């Protein structure tokens, strides 16, 4: 069980104790006088902190890498105005409670999100599309990954369950568009929306300790190509050709513009609708988090958040 | 009563008769041998046709301009492979049935649109915003203009009732966004959406004969500045300052980017939401009309519409 | 056997005879007086010509579409300053000599190109890559398509064998780059270059009568995604993961920039080298064809070709 | 009376005394050991300096905010190589001499600028335009704001009287353009230039202590829309329609391009001329200040200033 | 002496006579039945007209090329609604009055422009700069070319004396800028402005018959590089190094941005000032000519000119 | 002889001794208490280090500037976690071994590069081009500068001999292009490639102590204009006009796009080929150095280098 949280260390300068922390970065370095030491960045749900293992204690440090959770013996020090840990020993931990390490934005109810996902899946009545979707979601490993993954590394919905939340927002916006164009293929658009970002599961590695990294194939291929390959590998031989083309087209075109990474532009109403719903969900999320960050960090008289480069503006705080 | 429609002239070469047509263009020109003549483009609900008044009949032609409806004595001629009318006389008509001249896309039910508009207005429960909206819509001239205007000259919703249809589509998409962010100010967003394009009523001149032109102030000031001035002129002195700023901000920021004509970028969730809903309504409409145009004009084996430069692609026809 | 070529019709006004021509376009239209007629554009190796089947002869016209070769009974007419054919009958032809219909740029020696292709394939000594390449090129249908296809519809190498010529040019330029960086993986870069545009075989439909069209899947998915799927489908389960990623990366990144259609940017030396070699081959070809076109069509004193929008300039003719 | 200037503190380490300083920033923070303190940035005409009020003295600190001038009891300390003040008490001051706090670039003669402004106003002989201009400048509060405001926060003419200096520069450049085009409407162009940036008076809040901030309405509406509303509110009902449109057009179009914040592009010679004169005044000012900054801060052998991102280059210093 | 002007031919259909015309284009072509003919475009001060020499008269046609003035025996014909000349004979003419062929915009007073040029040259009191300027303008061939040349082919000041008029406008605008920055080097800026476009004299070939073409070196090197080489070739060995660099810098940087063809960006106040003055002169001229064209060609009720792509807008006509 | 290298100082804290170092930066500063001191950055082949001369020792410091090599009496100190030298005396040194100061990337064999350069020069058989090339390379000062210069300050081939290496890479890539287009003018393309960057020798100042700076004329004129002037000054009067134009065109157009600094775009095959070969050499070099930097500085498990903004991506390390 985790004994201390990072946010509490500021009142604990000088304390020597143990606790569990996740590894966000680790580098082997050399001091000016040539001695090796380890330079860590550690995190939990409440923040990040630097930590050092000096040469004398290196032998008490188990090999570990980004994403591992470790139990450390520490002393809290203040060094040049910042808190820092000096570590006596570091041991890898195989069991821990992810909730200690991963921040979840206030208000995400994962059980409700899962129920809504199930309802969305159940709404697909086209036999071929439903079989395809089931082939994805009946796979437990996929289901776990999909319902836990963030939608990205920094930009939007970049937290646990973010991908699922983002996908369901898109589907809700698509409801209003299919109301306007009732002859749009609802099952196709639902399947396309559910799978549009599916490649992110292989593009990003999201650990239970809350760290997100690009994978090697993610950086070399991108989530759009990965998503297309994942879907193709699940398509049965007798899947209708026209439906296959339209579905892959939604995935390929969902960034909407070539400079955003889509190799083709939307040519169907379903693909256009997913693109605009994706944009609305994405940028509303960016705006909301910038606004909330401003409300948390700014003094009361502040009227605007910091400038956000994705929005090209600061957000009004009393909105 | 209108006797002939333009689409029927192809079977009537040689016919001499009268009918009512709208003036789309008229120029006074001179033949190679120095004689004056009038060169018209006329239209009705079914199409456009060229027409000439030669010098002998100029005296039987009443002064008229773009947007007028006229009764003409005509002869149908074929000249270099195109149909053309030779006009004997042209008389201005003050009463006519707009439905003879303005094409309305299949499926627009103006009565239902007006009912939904009424419901949307009635949903505004904030006293100040409701009084402002009523100040607009209780004005009969404004109401008639608003419910008849197109949303633009060529690009999207460019037909009678187009502005109203476009606005209601935006509101429907906003419903889904306010579901996601329940603390968004619903009355403000509804008022902003209803008024975001209100400047188009002065930017464009839409005649009952179906022609649309930029007005002088429209070309010099643009619909965003005109909209802001129209709203400002209706705001009572005691209108809450913060609400005024947020409302005008929605109108100013609704194009979303400076290069699209918005002098400021969205800084509130309401303004962002109106921007994304506007985009989705706009581009889905462009896509749908390109697709319908392709289905009408292409031969059966064609799989794609023409290239549409706003979409950057052609639309799949069997979508 | 083909009796007449289009370039000779200018001396044959009034002639009635038969010949074989390829269908480039065909539309069913209606005359001003309501009668149906067929409006053809026909071509052979020497040019294009318009042709009409009037209503009386429609029954003597077999159903045909773009890419078919037909035997026509024609009369050569001059109409408003242009030559045109009036067709008495149109019959589909199943056997014909492609060389009558497809222009091949002066100097392409297909046998030599095929030999060089064989040498390039044979140079691959990595077992996995060689098996993959063989899986493609040992398939006769693929080999025929690959060695006949153009590299595009209009822009560069847009003629029979163009794809092969383009690919071999890239490989020659890559030779000079691998001389500079001898530790680049030669087999990987050769395989990547040979397959980088393989998706064009499904993106484009190139008929033996010389016409090129986008396919439905080509327009919806693009040649990059199609190429990735084609390669993936031929990869055996035991193909080395790292090689697979690097090979697919070359294909995905070969357009070099997102706005050119690559969803990821080059991250390996092999991918960068293929990108720059592809560019050099592409633009040198565009320039050479603009220059040759200028030399053919301009009068002797002309110093420059027409402006070419891909190059952003006109080409000097006496270069 | 102000006793010490910031530039002198470097020779006064250890001194304890009082002086008057303006508040540029103030934040309430917490030390590592949990005690509250106040973190100030203070400025006067000669520079900026950090200052802290530790928890023991917080009770001797009056509530104050950005733009206030305060009398402080201080001790000058050196901390990690920088000077810093430790404050014993902070008291708000209601009367002070702005010249102690606001740097005015060498060479601005405000009295001469005001005389030239008066001459420019007096040159307007069109009755309606003159009445409008008088309605602005006869208002003392407006006159004071206009003649003191900077033209911006950082970019150009960003100092006291900057707006007036910038406007008069534009008018001088316009003189040369109206010499070239003598039939340009001189009164309109003068009025347009005088009012083109009038919205900045509400977009920015410029305090007598020398600080500039965006206002809430400035950030939400921008100076162009604010300027249009300010002018509109002063236009009498009988103001000529055509002149109103042309005047508002100058204001709306004066940034010249949509991406620079103008919702419409110049469509009159007057608007074009104001745009180009505005650009010339703006960028010459940026260049001159970068050059002067380089001359002040660089060592003698330096030939170029720092790179300036607005100019895309460094300025030659011996120019 | 010229007998007929092109604008009068419309009343002279059928006339057979002789007159003098300039050759704007000439191509040797072949009729559909294989006979050679010559296809001319001819022009004079009042317009352009097509003309043909049929095979029977080719022997009565002297070899001629673009820019020549010829005496033709003609018959005025109307063909498919356009006027055209049939030519019986074509003889080259070595002496003619340029004023018959070159349109000069209303209001250019070349003698006054030359006087102002002389005054500007005379104002240069720096010994080295004055000697350089004299080296240019004391050369009669240069002086004639400079005072007759247009400033471009289509875009601005594209008529006889246009380069001189444009240069003097720039100098007038620079006067106002040097008033604002009195320490700017006046002689340098005057020399720079006089020579900034000097390369256009070699980039363009402007014939006394009014035609303008790019030269071979113009198209290969551009007027900026040509201007630098022209100046360099006139610089004496003892010309001060710093002045030479600043002068060439003005020429190199005067387009202001790389994408406009300047290989370096302005780094001196003189170069910046020339750039902004050049822009103002250029775009005011484009706007004025679009406006005048609109006033001439539009009917009285028209409020705006055609859209001008350089301005990104149409011009208000009653401005 | 150099006694100590910078990379060894970390084990020598406290040592007092002398060694030779190159001056990378030097500024005269004032301490908080008003005393002057000198603030140096010094470098050698192995790295950089800060150094200070306090006021007491200023008299023992010879005047020196960037690029000088100096002998210093030093003490190694550690200050706030970084190493720093305190200097007792500084003396300028006129003779030193450049290899002590300039890092040369592993694997550059300057003798082989020079041999290849000689072979390339010798391959030029066109008399005029060969005489021109000899006029450059027979000049010893030029030859030394050319064979030692870097190709740039930071971006690519930014080390001793970099310009030569880059040029020879281009020539090798051009070999493959001239194989494809055998009628390209080989002598012209070789001459163009050898001289395309010749202006960099005057644009940049590269000292034997390893520092690179822009020169004044480099910053004001750029290497393209300087190169054109250098070539022009060596062209004999009887040099063939057409060859001169094509050669200067290669130099002017070699950046390929206006926004990259080429005032004209390639209009000959030779110019296009040099442009694409230049790009390939440039970006492959950038990629290779980013990759090598990553391999050196990253820990073993790292899969990618840092993001490189010129490439728009990170490089795969196990490539």
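Per-chain residue numbering starts at 1, and chain names A, B, C, D, E and F are given in the order in which the chains are listed.
Here, a contact is a pair of C-beta atoms (placed from the backbone, for glycine too) under 8 Å apart; a residue touches a chain by one contact, two chains touch by 3 or more.
What you see is a predicted model; the values in this text were computed from it and never measured.
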Touching chain A and also chain D, the following chains:
B, F
Chain-contact steps, minimal, separating chain E from chain C:
1
Reference interface A-D: repeating pair among E-F, A-B or C-E with over half of contacts shared:
C-E
From the C-alpha centre of chain C to that of chain D, how far is it in Å?
61
When the centre of a chain is set as the mean of its C-alpha atoms, what distance in Å lies between chain B and chain E?
43
If a residue has to touch 2 or more other chains to count, which residues of chain C qualify?
216, 219-220, 246, 264, 267-268, 304, 314, 316
Viewed as a graph of touching chains, is the assembly arranged as a line, ring, star, complete set, or other?
other
Chain-to-chain touches, reported pairwise for every pair that qualifies:
A-B, A-C, A-D, A-F, B-C, B-D, B-E, C-E, C-F, D-E, D-F, E-F
Once bound in the complex, which stretches of chain B touch chain C?
10-11, 13, 78, 81, 83, 299, 301, 303-304, 314, 316
List of chain A residues in touch with chain C within their complex:
216-217, 219-222, 224-225, 228-229, 232, 245-246, 248-249, 252, 258-264, 267-268
Enumerate the contact residues on chain C facing chain F in the complex.
169, 172-173, 175-177, 179-181, 185, 242, 246, 257, 264-270, 272-273, 276-277, 279-281, 283-284, 287-288, 291, 304, 311-316, 318-319
Going by the contact rule at the top, pick out the chain A residues touching chain F in the complex.
27-28, 32-34, 65, 214, 216, 219-220
